[in-house]
Amino acid sequence: MNVDQLLTNFLSPPILFFLLGMVATLVRSDLELPAPLPKILSLYLLLAIGFRGGVELAHSGLTAQVAATLGVAVLAAVAVPVYTYFILRLRLDPANAAAIAATYGSISAVTFITATAFLDATRVAYSGHMVAAMALMESPAIVVGVVFARLAAKRAAAAAAGEVEPIDWGHIGRDAFLNGSVFLLVGSLLVGAATGNRVGSAALAPFTDQMFTGVLALFLLDMGIIAARRLGDLRRAGIFLGAFAILVPLLNAALGLLAARLLGLGHGDALLFVILCASASYIAVPAAMRLAVPEANPSLYVTMALALTFPFNILVGIPLYEAAVLAFIGP
Amino acid sequence: MQPLKKVEIILIAPELPKLQRLVEKLGLNYTVFHHATGKGDRGVRADDDLTGVFTNICMLTACREDQVPALAEAVRPLLKKTGGLCLVSDVLSLTH
Amino acid sequence: MNVDQLLTNFLSPPILFFLLGMVATLVRSDLELPAPLPKILSLYLLLAIGFRGGVELAHSGLTAQVAATLGVAVLAAVAVPVYTYFILRLRLDPANAAAIAATYGSISAVTFITATAFLDATRVAYSGHMVAAMALMESPAIVVGVVFARLAAKRAAAAAAGEVEPIDWGHIGRDAFLNGSVFLLVGSLLVGAATGNRVGSAALAPFTDQMFTGVLALFLLDMGIIAARRLGDLRRAGIFLGAFAILVPLLNAALGLLAARLLGLGHGDALLFVILCASASYIAVPAAMRLAVPEANPSLYVTMALALTFPFNILVGIPLYEAAVLAFIGP
Amino acid sequence: MQPLKKVEIILIAPELPKLQRLVEKLGLNYTVFHHATGKGDRGVRADDDLTGVFTNICMLTACREDQVPALAEAVRPLLKKTGGLCLVSDVLSLTH
Amino acid sequence: MQPLKKVEIILIAPELPKLQRLVEKLGLNYTVFHHATGKGDRGVRADDDLTGVFTNICMLTACREDQVPALAEAVRPLLKKTGGLCLVSDVLSLTH
Amino acid sequence: MNVDQLLTNFLSPPILFFLLGMVATLVRSDLELPAPLPKILSLYLLLAIGFRGGVELAHSGLTAQVAATLGVAVLAAVAVPVYTYFILRLRLDPANAAAIAATYGSISAVTFITATAFLDATRVAYSGHMVAAMALMESPAIVVGVVFARLAAKRAAAAAAGEVEPIDWGHIGRDAFLNGSVFLLVGSLLVGAATGNRVGSAALAPFTDQMFTGVLALFLLDMGIIAARRLGDLRRAGIFLGAFAILVPLLNAALGLLAARLLGLGHGDALLFVILCASASYIAVPAAMRLAVPEANPSLYVTMALALTFPFNILVGIPLYEAAVLAFIGP
């Protein structure tokens, strides 16, 4: 990866505000974004990225390649938590293995959004259906994770001849496919797709487009603050999970790059697909796991995704994957 | 002044709907305090996790002594599953 | 009403986000806008609509027709709660009758704003003083409602030979004319009018104009969520109040249309005047009634306005009234 | 440790200024918790009503036993008018 | 039901981290309620001061009777410095 | 000062919204911006003014005059709390004297920002490094104030032969230089300076520039509300402190004007330097004093800065200082 890409990424306001947030925590400044501002900012980002993606989708329309991309996206979202689960079981109990597998099988919308900002800054085109791909990749891992956890619990209960509470699939499905962030993303995508070709949608543009980078910067400031707060918990995670939080994203990125190549994705779409595979969820999945798999320890799965994988992806990952895409797929 | 039992239930926020349903089934009135943070056997619950599911709520309900056992039985499984606290104490309620 | 109007209204992002919010609640997604975001959004909308109206008022100035329009607006705001009160007394106790009458005598700023967005989308002009009309129509109904409730309470107390607490007019007046939303709307209108012809005001435009549709969409998303939440309470309201919540707005719209015709209002202004008459308050009035008439049941008057009248007006009402205006007043 | 009475008053939010005036008239210190939701004889009080007047506040005041009656009398009409709850219990206050 | 002591500590918000450190040193679990306003000997604490440092927090901790003295000693200097309140009362805790 | 300047300042939306807020409180309207909105708005203003200043700094670069200006700024920020402390000791105990001295030695970012809005409206240029000057002037007074308070406490303790808790310099330094508002302002300045000459920074402009006046207006609305709420406490402050809150800013303004002349600052920069000297802090300093000097009474130092000095500066001060700058330094 050449120096200029690194700089373009590093010297972009959003990234610098992320670092600023980390510094704030490390020097023990009392800077913080008062709740519920972070929640509000993430709602805005989901609405805006969804709506913009939908509008572009309305312009481009659904092609065979689009369908193929979406299919592969779902496939990846199911495959990743399965293979990672078995890796994790080498060291962890089923509950924690399942929760972490789900975390890395799902995606991080903000990582994706930061990558789109990088592409915008480097004037590289990407298509709206990648947002649809992101939406489709958020939920499957949750279901996979919960299933693994429950099956293990069943076996344990059977062994102990105790009884286990029956699986409430309706609840799990709701957590997976209807949780606030997934629903808002998909809904905004549909609204954008439905109105994209009509005059009305233009009226939303100043809100969804012009504010976008600014809100992202503000949100990353907060992400930096809370990511740094969790650095302390990393010790508890240990060397195995620490390595996992860096190596598995790299591996998933490689697999994603391969898939992108086979799908014949262009430069921008390829990078976004790679970042989706490499990213880990710290919103939708933890929210679901907290209730569906209460035995799992949040300070493991949230910390890994937030304090290691997220910073790694936006600071090192984006330019690294960009270089790989250029080398492997071309501009 | 009427002697009642004050029951305070601390629970993780997303379980509140379930708790409300079961308290209402017992026909009890209640007050809920939101966005409480805390530390327990299952670790810290802060307000900075973007998901909003890691904060606690505290439900306060003043009821007759004979209503407490049923409430306790109803709440126990919730506490078992996701942790929390349930405190009972004596109060006098101003009759109006 | 021709299909295209319906579509222009339906396929506008704000309306679709409203529907999205309703769906979110109906499928039991946990999507919600955290408090105090909805309050913040409504403060913004009142400030922006007030300021923009004031600026336009500064440009157009006060004419005889403007004065006449404002006069008729106040008249309507006094007449509606009076006649509806007596209709409601057929079935309800004085307190609830008074609260509901006040609700329908007053107006809904967001319904008005949604109508302006519709006019913007269909490129129909309207004038700034309609915002002044809206401001004037918000308060009178509150006073009328409280007076009816208190007089009834007095009679009841006299009959029961009990004593009734004296009417605190100062408090009622403050609730009616100085409650936050009315005050901000009027104040912003005055600020806009005072600065409209000076350079300074332009600096506010990006904030008050460009963000407007986006914020409206976000607010309607929340309105959809909470409106759907109250659908359950409708059963309690019963068939009489259910019919009231649809028919009275239609009747008021018809009366409004007549008045608009007599006032010689143009297309845009006529539609806005009609929507003002047809709309019901779910912010200013409930806030006032809750304290001034505590015996009245909020789950009646809030639910009717929020779960029936508001959705009816923005989904069906706007295109319907538009068609009526076109037929009865012309383009 | 000084024995005191702890009085908790749950009231609808917009009545708080009135409550504060009358508690201050009695010369009492107090703490107020805001944005509490709840359910009572007069229905549910949620936080989603755009007006912000439908949530509850909870005022906590620790006072001497002899101050309770006056407080109770002062609060009763408020509870009568818009509903709520007033609980009294025994506490020890750490003297500092 | 296990008999415990309920300790409620009202303190100015920015002192919370210090309070948490010292309560955790005693190995106690706790729950914190935020953004409480109030009035005390040192004047009013409202929520409208832009700094956010003038509101109160209320920490609730249920502990064994023998843990109270140490807690009281640890809290007293904080109360001395920036004011506040510390109340102790009897509760029964639902064992789960 | 000629009438037109007064009008340009008075008839600007931000100022009128400030007055609107004061009126709201005085007529006992229940209008208020729900927490944490005011905190959010001030975070935005600090981020935006910092970032914009940094970008301009990146364009202009550091010159000898810039360095000189910053040096004098720090000097002023140290000198003012020292001399005011001794004035205040004539009537007050050390703790309150120290807290008030710190308040007037530091600056008010919002007063500064309102002045920049005034300059924008009157099309007068000013340079980005004035934001750096503001950042440098925020903290020193805090240290000075705490030192005075602690030395006095030491003497008192020695006299009473009691022991005094040792000064926690790390904590004081953190409160002074790393408190949230200072940190965000400086950080945003650095981010702006680092990215100002790169394409990426432009993406932030709509957020930091176009929303700016609107957010300022909204924030001043809240400032008006809370300033008016504190008017009641003024009685407690008494005539001495009342006079202090007006005369000391005027004196500091005069000294600032002299310094600006000696530094050879241009019209815009001179006005900003004067306003910095004249303004008093009601955020950073109170936050620090509350903990470092708990014996001091906030309803004195916050009330003076918020209810007297701030309104005086933005209503009368800005046009007054502007006239003085024109007379003393020229256009």
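Chains: A, B, C, D, E and F, in written order; residue numbering restarts at 1 for each.
The rule is simple: contacts are C-beta pairs under 8 Å (C-beta built on N, C-alpha and C of every residue); 3 or more make two chains touch, one makes a residue touch a chain.
Values in this document were obtained by computation on a predicted structure and should not be read as measured data.
*Asks:* Hop across touching chains from chain C and tell me the fewest hops that reach chain D.
*Replies:* 1
*Asks:* Figure out the least number of contact steps between chain C and chain F, where 1 means they touch directly.
*Replies:* Step count on the best path from chain C to chain F: 1.
*Asks:* Taking each chain's centre as the mean of its Cα atoms, which chain lies farthest from chain E?
*Replies:* When every chain centre is compared against chain E, the largest gap points to C.
*Asks:* When chain B meets its copy chain D, do both sides use mostly the same residue numbers (more than half shared) or mostly different ones?
*Replies:* Mostly different residues form this interface, as fewer than half of the numbers used are common to both chains.
*Asks:* Relative to chain A, which chain's C-alpha centre is the most remote?
*Replies:* D
*Asks:* Quick check: more C-beta contact pairs in A-C or B-E?
*Replies:* Top pair by contacting C-beta pairs is A-C.
*Asks:* From the mean C-alpha coordinate of chain A to that of chain D, what's the distance rounded to whole Å?
*Replies:* So the centroids are 45 Å from each other.
*Asks:* Which integer distance in Å separates the CA centroid of chain D from that of chain F?
*Replies:* 38
*Asks:* What are the residue numbers in chain C that touch two or more other chains?
*Replies:* If we look for residues of chain C contacting two or more partner chains, we find 30, 32, 34-36, 39, 206, 210-211.
*Asks:* Can you list every residue of chain E that touches 2 or more other chains, as numbers and ranges?
*Replies:* Chain E, residues with two or more chain partners: 14, 33, 35, 47, 52, 89.
*Asks:* Every pair of chains that touch: which are they?
*Replies:* Result of the pairwise touch check is A-B, A-C, A-F, B-D, B-E, C-D, C-F, D-E, E-F.
*Asks:* Which residues of chain B touch chain E once you look at their complex with the stated criterion?
*Replies:* So the residues of chain B in touch with chain E come to 10, 33, 35-41, 47, 56, 58, 72, 75-76, 79-80, 85-89.
*Asks:* Quick check: in the complex, which residue numbers of chain F touch chain E?
*Replies:* Checking each residue of chain F against chain E gives 32, 35-36, 38-39, 42, 225-226, 229, 282-283, 286-287, 290-291, 294, 297-299, 302.
*Asks:* So in the complex, the part of chain F that touches chain A is made up of which residues?
*Replies:* Per the touch definition, chain F meets chain A at residues 35-36, 39-40, 43-44, 47, 51, 174, 178-180, 183-184, 187-188, 190-192, 194-195, 198-201, 203-204, 206-208, 210-211.
*Asks:* Considering only the defined contacts, which chain E positions touch chain B in the complex?
*Replies:* Per the stated touch rule, the residues are 1, 4, 6, 20, 24, 29-34, 60, 62, 89-94, 96.
*Asks:* Which positions of chain F touch chain C when the two form their complex?
*Replies:* 8, 11-13, 16-17, 20, 23-24, 27-35, 37, 117, 120-121, 206, 210-211, 213-215, 217-218, 221
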